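First, the structure itself, so that you have it in front of you.
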């Protein structure tokens, strides 16, 4: 019974446990304990998995193909992420938020199913078990998205169609590999990939990239993610946001980087323009970074804004991994870890706001800082991480990605990355301003801070983000294991950060100096001036006008009018129209075929067939 | 020459029968067409066994009078005629039922009523 | 111990130079308007008067924290900015870190103004962030081009490279287009006249500063000094060969600020979308051209 | 005009009591000050004198006099005076001419929103005794009954030289530490509120919590609260009261501000 | 080596005899008909089981009628493939025996006739013999289609009859053409003569004519206009039986022709085109279908199209995939039809069905997951075999077939889960959806259990299917068994 079997056993026990007695209050805490145990088990397995891989007893052979599961470094990293995200999601759901939810048992059950499916996916031993895990993850996520009913169902439906199309592409890819190499093992595929014809290479790379790209919401397939993830109930959507989309990245890394190898991808050249397959994928990642971020800028719902950012951040991770150098891959993987922490903190904070005020519409919130300070602190830590500013961990991974892009000399990609970051800063400020800053609306007067059972996990996540931001070495040790398993070059790093010849980063010094400077600023501020007097928010300059609570005095609707006038016309939603086009094509052809069955008398074809056949017969001479 | 005449006639019958089924809307005409078509097919089947100048394949006193006609298609035709007859009987029974049910034998109207009853929403 | 000295002295020098730059800014403006201009210690007087205000109005803890974050952010930025004689922490954090550290005070100010619950402030901040998005694109292109030519983002290294070759290896010599594009972006960063839409006294009552009074306003004046100094020194480090000795270094920084100030006082104020369109057209175009040249080499 | 040294040739401050015609303000804040405190205050006054932000609330016909004083003709920036847009950042409030009652409300609100050592300059005769509108029903007659005024400038619109003269006089007062009329607003708030309520109705008040500020900064004197502020307390119609009802507290800790 | 076994005839003889004795008996004791019919079916099932066991152990069996040797005499040939579908037919007939008011003499007789015709169809090795049994099955299915005694039933049966008869006549023309060219009707003999006699356009014309005949029952594209009408109008048990098993028999016969008589790739491409059109027509029409019953009718067309695609791939792998797909569809589709029987009317009206009949809804979910091909379920392994076979011999047509198949699966998943989401949606207050009595749900649950069992024992099942496929794919061995009897 290796650690991996313990993990699978934990997952199975959890599903059974929630299934039988998910109703009573303590189920939430029990689930949290089990996820915690899983996290500890995964961490304990770090030593064994660093070198080789942990075999698992789970495995069977069908139609002559052996299907098995084992955990290697990459699988270990993503299992750790899944267990951690599930731990925090269940901790959040175990508290008062859970008690306030209608169908909490189903949510616990679906979370357990999702975790089990993800463990099966990330520890897949060969292509077939990878596909089995992939399908289970897709369907578990579908169930989780559709559970709330109402608007969630069309969103989940749209996800399911995308996911299934992606899965079919992956299945076709796997079967082609089987036809060429005769087996589903990774090493056979890797060995045979070099010798394939470039057409076949393009086909396989295209199928796998498209199939896995759907789950990661890469550019052309990104329309489903925002609505689907926002409609899921709070804690589960935080889990989905933090980890579920990264399963696509795991599979992409596994197949495109580890098995096919970036050098092989770089070798494939698009006939006309001088771009290689790797370059094309990097440009897709670049567009995925920028365009969803600027769509997020225009959103008016907090959850939609965050999910659109989730898509954008996915572009960073893929870009980092695709650069291929030790620094780039470490940056990409670290960004996966960082993203999971701050995105989950953000989503839990927004859920706390929804829990208290009942709405997440940015045009109907404001001034909550005085009522929900700790939620504000979490959201602040989250947006600093999401925007990638120094004290938090988001900055470290973005710096590493930029540094690797600079080393590999791809300047224009770096410009895209930089513009993406700027867009993020603008939209996250809009998020925190419209919810917490500005004028407190009369109806939110009685709002109280979220209960401690919700605030604790949020602050813990924010804390993790800060600590790994201050000492990135802690997180880099985790990514080293994944990097080694991926075959990417090793990255020498200290506790503070990375020291390369062409520019180094030591976060210990950066954050310490920042704190010292802030301390110095506090001294200047608190001791040099007179004691400050806090005033009522109605005591505000309004051009001499007397402010009263009934007078709405808040600027939050359409927060960047100047920018909107410039980039407004660019939002033509061409991809949305393309998607609708496919929908109507399907309906029209459906009606056409169905119409055939409604013709009064259809065997006209028979007549034609017979005439032809008889003619042949006679011509052939009886 | 006779071969092409025979086959041409049989295939002509089949085509006439098919035309009646396809082009006419009245169910009875369709069934007549069916019968014509089956007779055409049977004729074709029988004419396959034709040998110019052949005699009936009966061995009189143990010796064959001359070139014999191929007996097997004739056996097949026998069965085919019986089957055709059976199917025709069932068809006529069903036509009587349809006439009672829908009061009309126009194929298109019957098809429309049938779909309406099946609850196929015409989306 | 040398590091301790750096940590204390560099911000102090930055502050003092900043005061000179503010003074120079107001004096040049006065001279353009054929006025005498403020006395020598005017910036000091302003700051001391604001700190010495007897009543200090605050709109909540975040309003105070933002000022602290503001000052802290700029002090950190100064420490990572290499100046002649002081290396500070330029080895530990490079150019990219500096760019991001310069965004921390901007976010701090935005949070503080937001918590003042005054829509004038919020509109001001939304315009300031839009302007930041506008001028940061050409700036990014310029920085990327610079790092491409120097091959490193370590600021001390960049200065050393430009020092060795003398005038010929200065950024402005090796990549003129990038320097020009960069300068136009830097001019936007100063937040002065053509791109001063977020202060816009007539429309939104000094935008972000609408609720800042007393020591809050004093801190913003200090920020202005730091801002002028940091941006000036950044541009000098990247394109004007950095400081080999103090007098020459100060002259260069003053020159950078002077040209920008001179331009400022003859222009009206652009609307926000005009700022974005202009910034993404001319400076970005020039900088991209420069980048293309750099990449071609 | 070179930067001429300021000499203290000014006559001593008069001790004026509120309500008395034309008296100045009481003795400067009288708490005993340690040496260090005195040095700091002197240095602060020195800087305050040399850096004044002017909010010229151009109500009457005096507004046109200010541009020449600010710009190149007379250039007040030589002595550190620059125009400022909002009351929060301004030190000097210039009332340049007659004040109708409606404008007076806005002026009072702006005055209360100004910070710390703030000075009010009354331009022209309209602020002194109503000027040519002495018997009008619509204008206020004496400015210093409603907000404590430091200096008045006589003249039916004084010329820029006069404005310059009064500004230099103000600088001298500040430098000497005598310009403390603003504390009078806190110390005798009831007097001023009474005058204001006489004009605007019994429970009238501005959203600024002047009494709270007085207590906070230690200027709470006997005259701060009186029968007029009691009207305030029992729930007159003022916006601040509504504010307190609607928004009991703004501080993070949620304590009800008095 | 093949064994000569007279017992092959029993699976056909017993039901035929039962079919003729039943009306006599039923005139007096009406309810006895149902019981007597069931006994006959059990009897025929036991004999076929015994036959299957002997064939599984000793290999395919041949039996010449009346002692006449192969080329001239009529021969019955039974290998493991035939046995599999024979057993499936017997089980299906027993499972979907008419109940309630339909269980009077008429439908029971027709059921037995259907059983006899189907068994004969699957076992006979002679071309004309296949035609005769095909006609018996066809007439039985016309009768059963009308057994619902509803107006729509009669009209649908009539239109079905006309279409079927036209198909049969074309098949007869085909047989005539083949006989004229080769002079023999025995499949084994044909497999030796056909390669050089029936090549070229004449062979293709013959195959198209034969396929036209079989296509009516096997729901191939131009000929399946009767499918939505008959399945809608006929009682659910009949539709389940027709869609589930009978259509597969016709497809297996088509496979026999392709393997033995027309090995050339002309026939394969015709089958491929028919398959592709079938999948396209089925999936797209089902996407726009209104009620559940109509959706499943079109879905069965699509699934049959997939089976045709599988059989169009020459070689044992294709046949194995075809058998797996056919078997899986034979288990899943009847269960769907039984569910659709209770859930009539447009899908929208079924909101909140999960509260009224949770078991049925969860069964629906499991069946749809399997038919889409989600890994743990056997449906996935069927698709897996198909893809393995397709990519083993990639040609342009096969690429299109794979693409259409995968795209079809996505569309199928879309409309199935569109219905599932409606079930789970919260229905309007007080609105109730039809509940399931246990008797109605029993067959569906039985089939669901079979599906889950197949999921568990997938490995041995897979092995036996591939064994069956190898045996059914080499025509020479079959010819040798039948012709070289060495009498």
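All chains are identified by letter, namely A, B, C, D and E, in their written order; residue positions are counted from 1 within each chain.
Definition applied: a residue touches a chain if its C-beta (ideal position, glycine included) is under 8 Å from a C-beta of that chain, and two chains touch if they have at least 3 such contacts.
Quantities reported herein were computed from a predicted structural model and do not represent experimental measurements.
Highest C-beta contact pair count among chain pairs: A-C.
Of all the chains, the one whose CA centre sits at the greatest distance from that of subunit A is B. At the far end from subunit D, in terms of centres built from Cα atoms, lies B.
Rounded to whole angstrom, the centroid-to-centroid distance between subunit A and subunit D, based on C-alpha atoms, equals 58 Å. If each chain is reduced to the centroid of its CA atoms, subunit D and subunit E end up 99 Å from each other.
Note on chain placement: the centre of subunit B and the centre of subunit C lie 96 Å apart, centres being C-alpha means.
For this pair, subunit C with subunit D, the centres built from the Cα atoms lie 36 Å apart. Residue positions 52-57, 59-61, 205, 210-211, 214 of subunit C each touch two or more of the other chains.
Listed for subunit B are residues 14, 18, 21, 48, 107, 111, 115, 122-123, each touching two or more other chains. Counting partners per residue, subunit D has 86, 88, 116, 213, 217, 250-252 as the residues that reach two or more other chains.
Across the interface of their complex, subunit A is touched by residues 163, 166-167, 170, 173, 177, 180-181, 200-202, 204-206, 208-209, 212, 222-223, 225, 227-228, 280-281, 284-285, 287-289, 298, 369, 372, 374-376, 380-381, 383-385, 387-388, 390-392, 394, 402, 406-407, 409-411, 413-414, 417-418, 421, 424-426, 458-459, 462-463, 466 of subunit E. Across the complex, subunit E is touched by residues 14, 17-18, 21, 27, 30-31, 34, 37-38, 41, 44-45, 48, 72-73, 76, 79-80, 83, 86-87, 90-91, 94-95, 97-98, 101-102, 107, 110-111, 113-115, 117-123 of subunit B.
Those residues of subunit D whose C-beta lies close enough to touch subunit C in the complex are 1, 3, 43-44, 47-48, 50-52, 71-72, 75, 77-80, 82, 85-86, 88-89, 91, 115-117, 213, 217, 250-252.
Residue ranges of subunit E in contact with subunit B, taken from their complex: 128, 132, 135, 138-139, 142-143, 146, 150-152, 154-159, 161-162, 165-166, 168-169, 172-173, 175-176, 179-180, 185, 228-229, 232-233, 288-291, 293-294, 344-346.
Residues 86-88, 105-107, 109-110, 113, 116, 206-209, 212-213, 216-217, 239-240, 242-244, 246-247, 249-252, 254, 257 of subunit D are the ones that touch subunit A when the two sit in their complex.
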